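The following pair of complexes shares a single chain, chain A, combined with chain B in the former and chain C in the latter.
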Partner chain A sequence: MDLLGSGIFKGMAVTLKNFAMTYFDRGRKERLPTVQYPEAGDTVTLFTRNFPFLIYDGEEEVDGMRCVACQICERECPPACIYIVKEKDENGKFVKRPKVFDIDVSVCMGCQICVEVCPFDAIVMDSEFEYSKEDRFGDLLFNRDELLKSNDYYHKIHPEEAQARDANLAAKKAADEAKKKAREEKAAAAAAAKAAAEKEASEKKDSPEASEPVAEEPKAEPAAPSENHAKAESEAKEKPAAEETPVEEPAAATDETEDAKEESSGGSEGKETSEEPEETAGSGEDDEKKAEEGEGVS
Partner chain B sequence: MLVQFANWVQGELACSPALAKIVGILLAAVPLATVFALCFAFTTWLERKGLARIQNRIGPNRVGPFGLFQPIADGIKMITKEDIVPRSSDHFFHLIAPLLVLVSSMACLAFIPFGLGMTMSPIDTAVVFFFAILGMNTLAVFLAGWASRNKYSLLGGMRAVAQMVSYEIPLVLSAVTVVMMVGSLDTREIVGAQVVEGWATSENSGLRFLGQIAGWHVFTPWGFAGFIIFFIAALAETNRSPFDLPEAESEIIAGYVTEYSGFKFALFFLGEYIGAFAVLGLAITLFLGGWNGPNFQPWWSSDPHALLIPGFVWFFFKMFVLMAVLIWIRGTLPRLRVDQLMSFAWKFLLPLALVNVFVAGFLFHVAKEDRVWASVAAFVFLYLVAKGLSRMNQSDAPAPRKYHFAE
Partner chain C sequence: MTMESSVVAGSEPTVEPRGFELIEREGLETNLLEVSMGPHHPSTHGVFRMDVKLDGETVTELRPVFGYLHRNHEKLAEDMGYLGSMPFTDRLDYFCSMTNNWAYALAGEKMIDLEVPERAEYVRVIMAELTRLVNHIMLVGFFVNDLGALGTPLLYALREREKILDLFEWASGARMMCNYMRFGGLRNDLPEGWLTKCREVVDAFPYFLDEYEKLLVENEIILVRTQNVGVLKPELAINAGITGPMLRASGVNYDLRKVDAYGVYDRFPFRVPMGEVGDCYDRFMVRILEMRESIKILRQAMDELPEGPIMGEAPRVFKPPAGEIYGRIEGPKGELGFYLVSDGTAKPYRYRVRPPSLVNLTVLEDLCLGHKVADAVVILGSVDIVLGEVDR
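Coming up: the complex of A and B.
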C-alpha cells in the first residue's frame, strides 16, 4: 500500500531532475542538446550528407574533374534531377568530361544513389546545408562550376571516407597500370609470335619488316582472339574512332574486363575466347583507359 | 509607502468626499492593475523558461537578457495582430467575453490583503465576495464559447462550465473550514489569526521568527487537507494543467478561445493568469499566513510590530513559489479525461472536503491540552479517509490482462 499521491510526486521528481540538471555542466550535455545555430555552427557532423557535389583533383577545377560524363548517375537518379551534356572538342569528338552537369537540388532527395553508382568516385555527398536562395528555380539549379569542389574540401568534411576513396582510386590505378603492362607484354608477345609466324611465311617471300608496325603499337587489342591475327592490325588502327562511340554500359563493361583480365592472365595468350561479345569488352577497356588518361592529365 | 501616499492624498482631498473617494479608488486600483500586469508578463516568461528546462530545451533567449523582454515582444505582436471575428458570431458578446474574464479576475484581487493595510477593498465579507465574483469567470468563459459560434468553442465553453461548477464546491468547502475556525469572513482577520500573537511580539527574536510561521493554517490537519483540496480545485478553477480540458488543444483546438485572436486573445490570457494569481492569493491568505513570513524587528525601530521585510514581499514571494509549482505541475502531469475530471471532483474531493469540515469542527471543540493528540489523530484520520476514497474510486479499473500463451 503505497502513499497516496506518490505517483504524482514520482513524476514531479522526474521533471524536477530534468529541470535542475540542465543548469549543471554534468547534466547539460545529455539534457540540453540544443545548439544555438547561427552562433555555434557545429551542427554538421562527420555523418552529415545532404546533396552531391563533383570532385576535382589538384588545382584546376575543370581539368582536374574526375567526372568522365559517363551518365550513369543521370540514368540512376530516381527523381531525375541530374542533367549531363558531354563536351566535344573542335572536331566534334567527345571529350571525357561533361560540358553541362546540372543538379536541381530542389528536386534532389539526397538518396546518395549517384554516389553509389559512380565508378570513378567523381560525385560524393556534401555536408553543406545553408542553401537558402533568392530565386526558387534558377538559383537552386546548380551547374557544373558550382558543383565542383576540390578533393581537399572533401578531405575536410569527410576525412575517413575521402581517404578510403583515394585509396580505392590508387588501387584501381595501380591495377590498371599492371593490367596495361600485362597487356603490353602480351601484345608484344603476340606481336612476336605473329612476327615469327609471318617471318616463317615471309621467309619464302623474303619480307621480314611486316611484323614491325604491330610490335610498336602499344594499344593493340589483347582480348582479341588470336585466330584473327590479321584483323588485329586493322582494329588497332580503327581504335580512335571506336573511342568516340557513346559508352553504353561502362559499369558492366568494367566487370567484363575484369573477367577478361582474369581469363587472359589464366590462359596463355588469350587463346580462350571470352563468351562476352567482343565489342562490349573492347569499349569497357576503352573506358578504363579514358579514366587513366583523365587522371594522367591532372 | 504607497499606502502612506494614498492616505496623504485622502487627507488633502478631505474637503470634497466624492472626489476623495474616486481618487482613492484609482490610487488603489491603478497600482494593483499595473503590478499584476507585470507579474503576468514575468510569469509567462517564467512558465516558458521553466517548461523549456523541464522538457530539456532552452526556451526564449533572444529578446533581452535571458529572453526577459520576450513578454514585451509578445505583447507588441498581440496588439498589432489582426483581430478576426467570425461573421456569424454574436459580435457584442464575442467582444465582451474577454473583458468580463479580465474584469472578474481583477475584481477578485480587491479582497486579497497584500500587506498590512494593503487591501484594496477591506470589507468584512471578503471571502464570500471573492467566490461570488470568481463565479463570473465561468459565465464569461461560457459566453466566449457560445458567442463564437464554433463547435470547438462551444465544447470548450461547456467543459469549462461543467468543470468550474464542479470544482467550485470543494474549493468553497475547503475555504469554509478556515472561516469556521477563524470565525470571520474578513481576509485581514484570517491573516491576523495565523500569527501566534504571544510569540510574534515577544522580545526573543527566534520566537518572533517562529511566531510568524507556526500559526499558518497549513500546519493544522484541517488546514493541510484544506490547502491540498483548495490547491487542486484552484488548478481546475483556473483551467490550469492537468485540468485544462476547456482548452485542450489536442481535442478541441483551443476550446473557447478558438475564435479569438490578437488583443482579445491576449486579454483572455491575461484574465486567466490574473485569475490564477487571485486564487493563489486567496490560498495564501487562507492557509499560508498571508503576508506573514519569517521576519525580524528592524534595529532602528522599537515598535514590536515593525517588520524588516515588508509584508507584500512575503506575499509576492509565496505567490511566485505557488506559481512555480503550478508550472511544475503543468510540465509533469498529463491532462485528465472528462470522466476522470468529474469523478475526481465528485467522488474524491467533495467527500474529503466534507469530512474535513467535520474534522475542523471536532478540533474546534477539543480542549487546549488535548490539541496535540487530537491533531495527530485528525491527520491520520484524514489520510485514511483520502486513501479509502481513492481505493473506492479505483474499483472499476479493469483487472490486468492475463496472457495464456505469450510468455
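Coming up: the complex of A and C.
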C-alpha cells in the first residue's frame, strides 16, 4: 500500500469510467442496454415456459382435443394445481375427454413436469406472460375452454418443439395403424375360430354384459402382442397374455399405474384398460398403449 | 431494538429487568443490550434473525434464529414422485438452481446406477460453473453492500449476472428456476448458437473481474473492515463441518470437485484457491479467485464439449430399489448433498438435504464474538447464506 486512500481513488476511477461509458457506447450489447419492454424487445426465447395450455388439432376445439383425461399430469403436478374431471356420456360411460380441466395459474410454477409426463403431447407450455387480471382468484383459475389453444398457435410460439412433437405423434399414429391392421386381421381370424368352436360361450357372454365389453375386448386385449408377439399370438384368446407380463417384472408396476387402475376402473371398460399400464410400465411403451386406448374410443 | 428499562447509575432498580445482566465496571454501571436483528433487516439476506447481546457495541452473545422461510421441502418431497421434487430443488438456493438440480439428479442416478452421457456431463459442468460465477459475483456484490458500499458494486455484479441468467433462460426456459437436469441427463439439448454466446460471456468475464478487483480489492475501507474480522480457525471449521469456499478460506484444501471428482471434473485441471488467515477478507478473495478458476474450467469444457445424446437410458417411471444413497456435489456455497432413502416405491421414504448454508451458519457465533455489531453484519455477509436453503 503506497499512499493511504489510493485504493479508494482507483475504485472511483472505475466507477467514473463506467458512468462515462454509459453515454458513449449505449448500443453495445455487452453493456446490457435497457429493453424498452412494451414497445420493443422480444423477451421470449426458444424454451420459454410460463403456464401450460391444452392443444387441439384441426378446427373443432373440443373434438380435436388431444387430452384424454388420463389424469397423469394431475397426479404428477408438484404444486397440485391441475384438477380434472372426466366426461361421461348419457349412459354414464366415461368418454376419453376431460369435462373439467382447471389449472390454477396462481399456484402453477411453470416447471413443465406436466408436459414431460403427458403421453399424448396434449399439454405444452405457453410463452404468453401478460396475464394481468382484475380478480385474484376466479380469473386466475383457467378452465378447459380458456386453456384450449390450437396446434397452429403452438407452431407459432415454439416452432421446433411443435414440429418434433407432430413428427412424434405421426410416427406413433403410423405405428398404431400398422399394429391395428395386423391386430384386426388376427382378431378376425381368432374370432372366426372361436365363433366356430364355442358359440355358446360367446353367446352367454354377450347377453349379461351388454355390447361394449365385446367391442372393447378385441381392441384392448391384443395390445399385449406388441411386447411379446410370439407368446400373444399363441394364446390370443383372452386374459392370459395380459396377466403373464406383470409376473415377469413386478418391480415395474408403480403406484402411478395402480392409481390409474383405480381411477379408470370406474367405467365399465375399466377392466381392460386397468391391466394394460401395469404390464408395460417402465418400458416406455405405455404411451403407445394409451394412445391406442384413446383412439379406440374416439 | 428492545430496551425495557433503563438503569440509572447509582439508583436501585425497582424491578428486576428480564433477560438483562448487570455488568459492574469501574465507575460505570451498565447492562447488556439485547438486540433482535431481523428478520426484516436488510443485512440478513432474507428473513433471518440474530439475537445479539451487546456490551456497548461489542457482541457478547449471538443466537441465530431461522425458520421464517420454512416451506416443508423435505416432507413435501416424501409425498410425491422423485421427479416431482426436481423443480422444488431450484427453490432451495435460488441463486444456484443448476447445481441444486445436479446434486439431486446425482443422488437419483446413484440409486439406480444410471449412466449419464458424456455430453450431458459436460453441459452440467458448464452450467455448474456458470452458476458458481453467478453465486460468487452476487456474494461479492452483497458483501460489499453490507460493508456500506451501497449500490454501485452490487449493480455491476447484477449486470454480469444478468448475462449469465440470459444464457440460463435460453437453455432451460427460465432465468432462475431452471429445472434443467433430469435423472440420467438433461431435459433438452443446448439450443443452436448457445455455445457461441456462452463463449462471448465467459470471455468477457475476466475483464469484468479485473475491473471489479480494481474497484474493491485494494480499497482501504474494505481492507480495514474485513482483515482479521471473523477469523475462522481451520480446526473449528473442520469440526463444525464447514465446507466450500469458507473452509478453503481457512486454509483447508478440500474441494469435492477434486476429492470426489463427480461428473467429469477429473478431466479439468484447475487450482483450488485457499486463504491463510480465515478472516472475512480471505473469504472474499477466495471467491474472486474461484471465479477465475471457474472460467478456466468453462473454457475447457466448452472446447471439449462432445456431440451425442443428452439423456441416458432413464426408466420412464423412476422407481429405485430399496436402499439409501447420499449424493453430493461441490455447490458454490459448499457441499450440497441429498440423502435419499427408498423403500422400493415411487416415492422416497426419506428425503434429506444437506444444505451448505445452514451448516456454514453454525459457526456464526464463534466468528462474531468480540467484534462490533457492524462487523457481525459483514461476517454474516461473508458466510454466504441463502435463506431458502437454510430453512427449506
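Please note the rule applied: the second predicted complex is superposed on the first by the 158 of 298 C-alpha atoms of A that agree within 3 Å, B and C clash if a C-alpha of one lies under 4 Å from a C-alpha of the other, contacts with A are read in each partner's own complex, and residues count from 1 in each chain.
One rule holds in what follows: contacts are C-beta pairs under 8 Å (C-beta built on N, C-alpha and C of every residue); 3 or more make two chains touch, one makes a residue touch a chain.
Quick caveat: nothing in here was measured; it's all calculated off a predicted structure.
Peer 1: Touch check for A:4: first (chain B), second (chain C), both, or neither?
Peer 2: In the superposition, A:4 touches chain B and chain C alike.
Peer 1: Could you look at A:34 and tell me whether it touches chain B, chain C, both or neither (first, second, both, neither)?
Peer 2: After superposing on A, A:34 lies in contact with chain B but is clear of chain C.
Peer 1: Just checking: does A:150 make contact with chain B only, chain C only, both, or neither of them? Give me first, second, both or neither.
Peer 2: neither
Peer 1: Could you figure out whether chain B or chain C reaches more residues of chain A?
Peer 2: C
Peer 1: Return first, second, both or neither, reflecting whether A:16 touches chain B, chain C, both chains, or no partner chain.
Peer 2: Only chain B is touched by A:16; chain C is not.
Peer 1: Scan A:45 for contacts with chain B and chain C and give back first, second, both or neither.
Peer 2: Only chain C; A:45 stays clear of chain B.
Peer 1: Determine, under the contact definition given at the top, whether A:106 touches first (chain B), second (chain C), both, or neither.
Peer 2: neither
Peer 1: Considering each complex separately, which residues of chain A are in contact with chain B in the first and with chain C in the second?
Peer 2: 1, 4, 8, 11, 14-15, 18, 32
Peer 1: Tell me, which parts of chain A touch chain C in their complex?
Peer 2: Answer in residue numbers: 1, 4-8, 10-11, 13-15, 18, 30, 32, 45-49, 76-78, 109-113, 116-117, 125, 251-252, 254-257, 281-284, 286.
Peer 1: Which chain C residues qualify as touching chain A in the complex?
Peer 2: 80-81, 83-88, 152, 156, 159, 162-163, 169-174, 177, 179, 187-188, 191, 200, 204, 211, 214-221, 223, 315-317, 319, 321, 344-347
Peer 1: Show which residues of chain A lie in contact with chain B when the two form their complex.
Peer 2: Going by the criterion above, the answer is residues 1, 4, 8, 11-12, 14-16, 18-19, 22-23, 31-34, 36.
Peer 1: For chain B, which residues are in contact with chain A within the complex?
Peer 2: Touching chain A: residues 50, 53-58, 328-329, 331-333, 383, 386-387, 390 of chain B.
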